[in-house]
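In this document, chain identifiers A, B, C and D correspond to the written order of the chains, with residue numbering beginning at 1 in each.
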């Protein structure tokens, strides 16, 4: 009952980690956008397992199939259905999980909620579910970039104790993708990879922080009072598996400043209203102000580890569990495209909403060309 | 277009800081709950301006009027409308604000979005809007506590550099309310008050962090995959004015642990499945696990300060602005009931949703008594 | 849990027939529209009880109060709250209703649903609830007419056995309002009034049919596949009290034609695509085609009659009930503004939705003027 | 942007008549329901083209594939994705349609809305889209029948001028399915088949009326004030292609009665409150009263006919069009399972909603068994 997100650009994902496949229905994509399976695939390849030595070695080609909503290379304006088949599902690896609850996984909470669960992997709680999000995010990204010049870049800014130095105002996706760990600070990236390798060898795992910057966002996105842009962004990224926190602008560090230190002075710059500093992170009163949007998302260390752990079975009896599947010792590198997808989905939804907020003069103009016919 | 929150327990707030009044419509409250204006008033009094020396000295009685949905002292199951009149609106204090944009307020973003704004105060972006949230939260709280034994306690855990020591597993609302600054650690509370007084005297402001614990929450609340309990809680609190970040369980600190350090082992305790530790903060896979729900919310320092600030007017000309209204040097004490309200609203909505997730046997039983008549 | 309607122009009504008042919150009205209480009042006066000899003689001034969302005579783009106080509530007239179920009223169904009901009148099921709808409809009407030239006219086309001859392509609101019974066919109107008077004298009631025409609707409103324009219009009018059926274009009569008789041939007319006939009633495939939208709504005879009726009390014991309140012997005249309101609310919501359906070129243009500053 | 329906049992359909496939995502199905592809297939076979001499002779096996949400034969409580591949898409038959607008189809309105359309068949406006609805309806039907004893039966009550005599209180699905035209009155069925054959031979088409009865519906379904049960049912069936009207109980005929003739007296029957007559059609004040729900839906004659018709091309030039595809001369027989699906989807959604309307005592009981563990 929570498989949909968005009001005007609305996605509905489906699928478990094991079973037929995973996918998404995109409802509300404007018509006329050039869109191909290659556009989707480019993003899916960034989240695909087995893409580098530091991710899980599961092999899934994750090939995107567009089943509806695109005709002669352009979106029709109607529902776009995208499907990815599941492969390499070695469910026997999960047999022992049938009767026990893996620590810090969703096995117990799903069973408490539904009275039943798909014990072959994490079922719906698996990160495999994010395939649909990333596929839909690719559609949103294309529209945002090609029509509006809105560009979202996410990057790994921290892995365990290793922090990177990144300037969000200049970071590029190219710099991010140049690194296997998706950290655009080469020195930090190298240490992060070492740290992840170390965790893997120890049968352990590590978490980290992803930074996000959105450049080119017009002012006016976000709706009072509950659908503030930061509120919807917070929900979107916190709905990703393994997230533990989110902050905007200076975030929790804002607490260390006084108001006179924290406030962003308005100035005129290049013919528009701007702010001299950007401690607000591009959002004021829940609405974008035209500056870069800045946010950070914390991910906990992966729950599945090879080290034996104490837990209980369904009858409450103590048992020892040791993860046997091929899992990521650190989700951060693959989480980068997931975070970008969520941010782009929210931005496009709010951008479409914003077009309806001004008076009828604008809207009326919108209908003009439609009525005219030969 | 974002004035409503919730799916089954759904609130719609309205009202600006200056003008007729503020209020809320609560749609979806179950029938039969005892409810009086006193229940609402108790919560409104906790957020009311002028309640203590460290809040704004504006005087508003904030008297709650229930206009519908309650009959003979019980909820009817239909829409509950609650109204609070605005008072003490000295809008002349705002006249100079008509043409300029106050730094780090929503003046500019509202105007960018709508082409117009209510310059008499913050309009819809004012924290006065939260009256409706707190009123609705009082209804949710009553149902949660009286029927389900779910208790939410929020408290000020930090003001600027002053951090409190609070044990969320034992903190009580009584201890929180015993302190003017709503910090249950008396020593820290004293220093916080000093820090706030110091900021006021300096014409400045300070921010802080609010901690939240929910005790007695049953397992099974939260919906895959977008409406995870933490995702909806994050949206709800981030929709409050001045919030900058939110985290669950260990939050950003979880990054410093490895998976083997972070995972919560399951155990059997008092006839039910529990966890030996609670680093997950009561939510796993987006669904409550029956442990205490733990979260923290960061608030920036109040934007309005008495110190002169540089900004621009609507034409982009540099001007100097100095806040003249009576504002809170620190929003934290009054934000405590706001955060509790948002958390309770989300919990009740998810609790109602959860009742529909099991198979028909349960649901069928639900209808039994209804069909039977003499 | 069903007190809201609309996705982008979204209304939430509240209030019972007896108690504080009734009202509506309008969320999503574009900013910059001139709006006054007089605009609202004009529509409320058309649905007000006691407006003519053939309606109920209850006296309620139904004065509209705008409590938020309008500033200096223009909409702010944020939530508009409109309140109407209840008056003349002679609830003692309802005391005997406390223990019995009035035939064909909602007394029993509300009690079956909620276990409790407001027995002072119909509570939330009363037609008084439509005050909020009509107030919100006045806002929608103003925007539709002033910005888009979309005009909705409803009229009484039948009362019991008396049918009117009305040409929907030319009927005006002036002609409708010239008649106490809101039938623009003077001869039929006279007979309708007689029929209603006759029913009143007999302690009985009559129903009828309301016709609706929308002129000036641009093509392209309506969303595949569930939110078709006719589907949303059907829901909106069927949510009004006492409705029994709705039809579009030829409606049930379409069944009597073959496809070759029923199809509307496309032609070019005045530089645009049009249809030679309009048997489809302006909607094809669930989307407006630019022709007049035509619909008809059936209302049952009023349930409350002065004639004694058999029924049962809450214990199932047979009792005799005779309505004592002052009720409409025919709801049709006062239902005309209600139907118009519902149609206008749906049209505006779909018009706002439609602005987002084309590609980014349009949307991008929309943002242009917003970014430009000195 | 209108591809979803329902609040708690929520379906999202996707797919065009030509292209990869069609399908549906079912969000909110309670966990633990036994469900197989055969359950879905049984309903799809009833709507399948080519099932009898009087339907289109297009051949599509319409095989249902469940891709997620079912595990070991039971629903998981998470999203159920059902896919049906398209076959037999002879899109060359549609080539001439690329530049012209077929009369009374959605070609023009889709193009007016989106600026583009899938000219290979009706695209998203095709009745093929209803595959997803019927598949989802099969899930709803199973839950309604197996857990709640709620049974929906639809039947053809009229084809063009041929009307059937059917007693809704006793009609069975077996009697309906015994007839190729799905009319349980054998004499009328024979004449209907003749009428349809006659239309086909004439290159023409005919419409008709479908009657619906719901038996076993508990009282209390439906939400004030917009989500009345009849309002949501009206929207659901009016969203089906080719519908022109809907009515409940006596419908438009109610207009011919006075209040004293129309009202349903309450009585006690078999230990529960009932009504002596059922002119209200099982719904009062928008909420079910426990009696049979009765409704009728009008379908226009099929727009596609073999007879040449006048129309225009995209430039407004007059052209002659003659349908060449293999279409149904009468949609009624195949529309029966579509109508049943829509009714069942709405009923289940409202049944789930209704479980949350009573006070916490009920809800609390619901959570009891969940908390108890060994």
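Of note:
Here is the rule we go by: a contact is a pair of C-beta atoms (placed from the backbone, for glycine too) under 8 Å apart; a residue touches a chain by one contact, two chains touch by 3 or more.
Bear in mind that the values here come from a model prediction, so they are computed numbers and not experimental data.
More inter-chain C-beta contacts link the pair C-D than the other of C-D and A-D.
Taking each chain's centre as the mean of its C-alpha atoms, the one that lies farthest from the centre of chain D is B. For the pair chain A and chain D, the distance between C-alpha centroids works out to 37 Å. Chain A and chain C have CA centres that are 43 Å apart.
If you average the CA atoms of chain C and of chain D, the two centres end up 26 Å from each other. Residues of chain A in contact with at least two other chains: 1-4, 7-8, 13, 28, 31-32, 77-78, 112-115, 124, 219-220, 224, 268, 273, 290, 316, 353-354, 356-359, 370, 373-374. Against chain B, the residues of chain D that register as touching in their complex are 7-8, 28, 30-33, 75, 77-78, 143, 146-148, 218-220, 224, 268, 271-273, 290, 351-364, 366-367, 370-374. Of all residues in chain C, those touching chain D in their complex are 1-5, 7, 13, 101, 103-106, 108-110, 112-115, 122, 124-125, 129, 158, 160-161, 199, 202-209, 219-228, 230-232, 234-236, 238-239, 241, 243-252, 254-268, 273, 275-276, 279-280, 283-290, 298-305, 307, 309-312, 316-318, 353-354, 356-359.
For chain D in complex with chain A, the touching residues are 1-4, 8, 10, 12-16, 19-23, 25, 27-28, 31-32, 65-69, 71, 74, 76-81, 83, 112-118, 120, 123-124, 315-316, 370, 373-374.
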